[in-house]
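Next, two complexes with subunit A in common: one pairs it with subunit B, the other with subunit C.
== the complex of A and B ==
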């Protein structure tokens, strides 16, 4: 199989970040990630460290189904008109810990 | 088409319906119209056609409404409620074959992203065993 996979036809933008959320990519962070991904026109896929397949970052069921844990690196790959902005925004969301650690 | 697909939660229990609505609002946000109904008119467990119709009207959008149900009567009463809606609405209300809480959160996430009624329903139903 071609390692570059589903988006090899176009030049894809890639990025990655480590999940620092203590419970991992569970329900609430998955919803945030999916909603953000859906705000971009580009095709966006993500893959968890150690996993083979890329999943559609706009599919809440697929993203939540990955059950990515704290300390796992998540890779993003986007292709389309706003691919670069999409990857930047998604990487930033993961790095901000999904905005879940605000002072109470 | 503007607006977002509305979400209706129909449980036998008013508490389950309210709790599910709370989860959708907190996890997905307030941009998706969501309403819940549960319990019979006497205040016990059950579902009520008039309450289901009222909930559908409350979240009505030109993009349609996705309905999440729990057990047996919730589905049949929801079907009855849909049949009693104005004819032009009926085709735009879909009962999702999905677990009520998880399905509601998935459906609302898809709706928040601007998905169509069919996309919202398909997303909720992706959860069901094949």
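== the complex of A and C ==
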């Protein structure tokens, strides 16, 4: 894993989940993700599997700009007072398929 | 007054009939005014104000949207407009002396180019959402007020073209009608406009320079023209026609609550065509015999991406609930032809109307078809559902779908989800199917006259040069319809018709004479069709 991120690896909380939506991280899920990220005080970044750079999880331009597809693992990294809760919530959102596809 | 304001007539084609008087509101893509006020602080204030007003109006639009796909597109734009990663570089450029419009345009231009270069069709298509946002803010920077409520009351929209999502976004209770330079009479926007009774003229022959924003105008969507600065005499004649139209509409509305019955006492079932789920809100279900056609393409082509099983079930269930026990016919995805869907329909077909479309495409793309069949099977447990397959050519396509339905039902049963086998019928629009109708084991037949006419007469719906040959009353077309009706009668199978022919007074009498007993029409045409049936011998 790339440890040269914006935050030091020591203080950061990390987590990951696989995107299961058939299109990938498209507009509606990206909006949900950035809205959720903005609800936390911590600095939160995400990175797509196979990509080098971490991007601000609170920026729709950055998140959509990754154009992540189905089956890609997305990594989160947060630093701040509520970092742990933020990573848990974001990982859960991706695992729930952004509430787009309620389990049948 | 008549010298500096001469009456001007712009000719076009009627896409949705109606009459409207009001003023012209231009929604044209103009070249960007890159004139800076020269004062960075003032440019910054203008930019921030434009963003604030843009965000506010987007927020209002999101709330008003019943269509989830359209709401998704607007929410994406709203998130973009509030994203510092996008906005800060623009502010920096402005502080360094750039004009607000130029800086904004350049920042969005970079994003648009990035999306246009994407490998994935879905992401490529987002370039249009970004372009829409660019235009929205640019027009605010050019001093246009964004508040639709203030400026739009009584306005006639004049634009180069209008996408289906933009059409749905506009509040047609306030706009009087539309006139487009592009567009086609059989395009999706025309269908949406007809369903809502919004007067619309397309293919308008004009140069934007000769139009005057705010000018008094008459939209004559009976003759297919826009009249700018109408003279007194034009106005008087037009008012008379509007009054006639209103009294005709009032007389026709009297037939709405009654069953459609010909003078000889034949009862004709008249159902409605549903293009998008919101369309049923304007119709009292007691005024029709259910839904004869639901086009599901709009669910798939919206910016929200492909609808999953749950979202489809919610929409189909909503229609069944609305119909209150009346039959609801839902057509499986009819993509292809003039209705391409990115990521689903093949690109680069030389003749899309003869290509992989309708049921052909669905059977080739089970990844899209199976979720739809699952949603339909689950919806069938909620009320009387009829499922109709488009573009069926050979019996095998119907049988394959029936097998898929059985598999889906078994699967849903194992998962403990309530589901049922819907009635499974087919469109008759391919001549081979019409000629061989007896070979198809369908629960019902619905004649798709739009495509049938096109295929029988070998004339494209949109090709003006051969429009005289594109004749629904061509004896060959009528013979095929008669053949299907006779087969249905002999075997006790329901036969209906759901194309534009049914709601056109020029063709309706011929259809009734052929013995058709079931029609499905645009909601806005329901009263007129029921009235015409009542006057038929």
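Note that in this section the second predicted complex is superposed on the first by the 96 of 104 C-alpha atoms of A that agree within 3 Å, B and C clash if a C-alpha of one lies under 4 Å from a C-alpha of the other, contacts with A are read in each partner's own complex, and residues count from 1 in each chain.
We take it that a residue touches a chain if its C-beta (ideal position, glycine included) is under 8 Å from a C-beta of that chain, and two chains touch if they have at least 3 such contacts.
Small disclaimer: the values here were computed from a predicted structure and weren't measured.
Quick one: classify A:69 as touching subunit B (first), subunit C (second), both or neither.
A:69 sits against subunit C, while subunit B stays out of touch.
Just checking: does A:100 make contact with subunit B only, subunit C only, both, or neither of them? Give me first, second, both or neither.
second
Considering only touches as defined above, state whether A:91 meets subunit B (first), subunit C (second), both or neither.
A:91 contacts neither subunit B nor subunit C.
As a test of reading the superposition: which chain, subunit B or subunit C, is in touch with more residues of subunit A?
The partner making contact with more of subunit A's residues is C.
May I ask you to decide whether A:17 touches subunit B, subunit C, both, or neither, giving the answer as first, second, both or neither?
Neither subunit B nor subunit C is touched by A:17.
In the superposed arrangement, which partner chain does A:51 touch: subunit B (first), subunit C (second), both, or neither?
neither
Which partner does A:26 reach: the first (subunit B), the second (subunit C), both, or neither?
Second partner only.
For A:60, using the defined touch cut-off, is the partner it touches subunit B, subunit C, both, or neither? Pick first, second, both or neither.
Once the two structures are laid over each other on A, A:60 reaches both partners.
Of the residues on subunit A, which ones does subunit B touch that subunit C also touches?
Residues common to the subunit A contacts of subunit C and of subunit B are 27-28, 31, 34-35, 59-61, listed in rising order.
Tell me, which parts of subunit B touch subunit A in their complex?
26-29, 105-106, 109-110, 112-114, 123, 126-127
Of all residues in subunit A, which touch subunit C in the complex?
22-24, 26-28, 30-31, 34-35, 56, 59-62, 64-65, 67, 69, 100-102, 104
Looking at the complex, which residues from subunit A come into contact with subunit B?
Interface residues on subunit A, with respect to subunit B: 27-28, 31, 34-35, 38-39, 58-61.
Which bits of subunit C are touching subunit A when the two form their complex?
Touching subunit A from subunit C are residues 72-73, 75-76, 79-80, 83-86, 111, 114, 118-120, 122-123, 126, 129, 303-306, 308-310, 343, 367, 415, 417.
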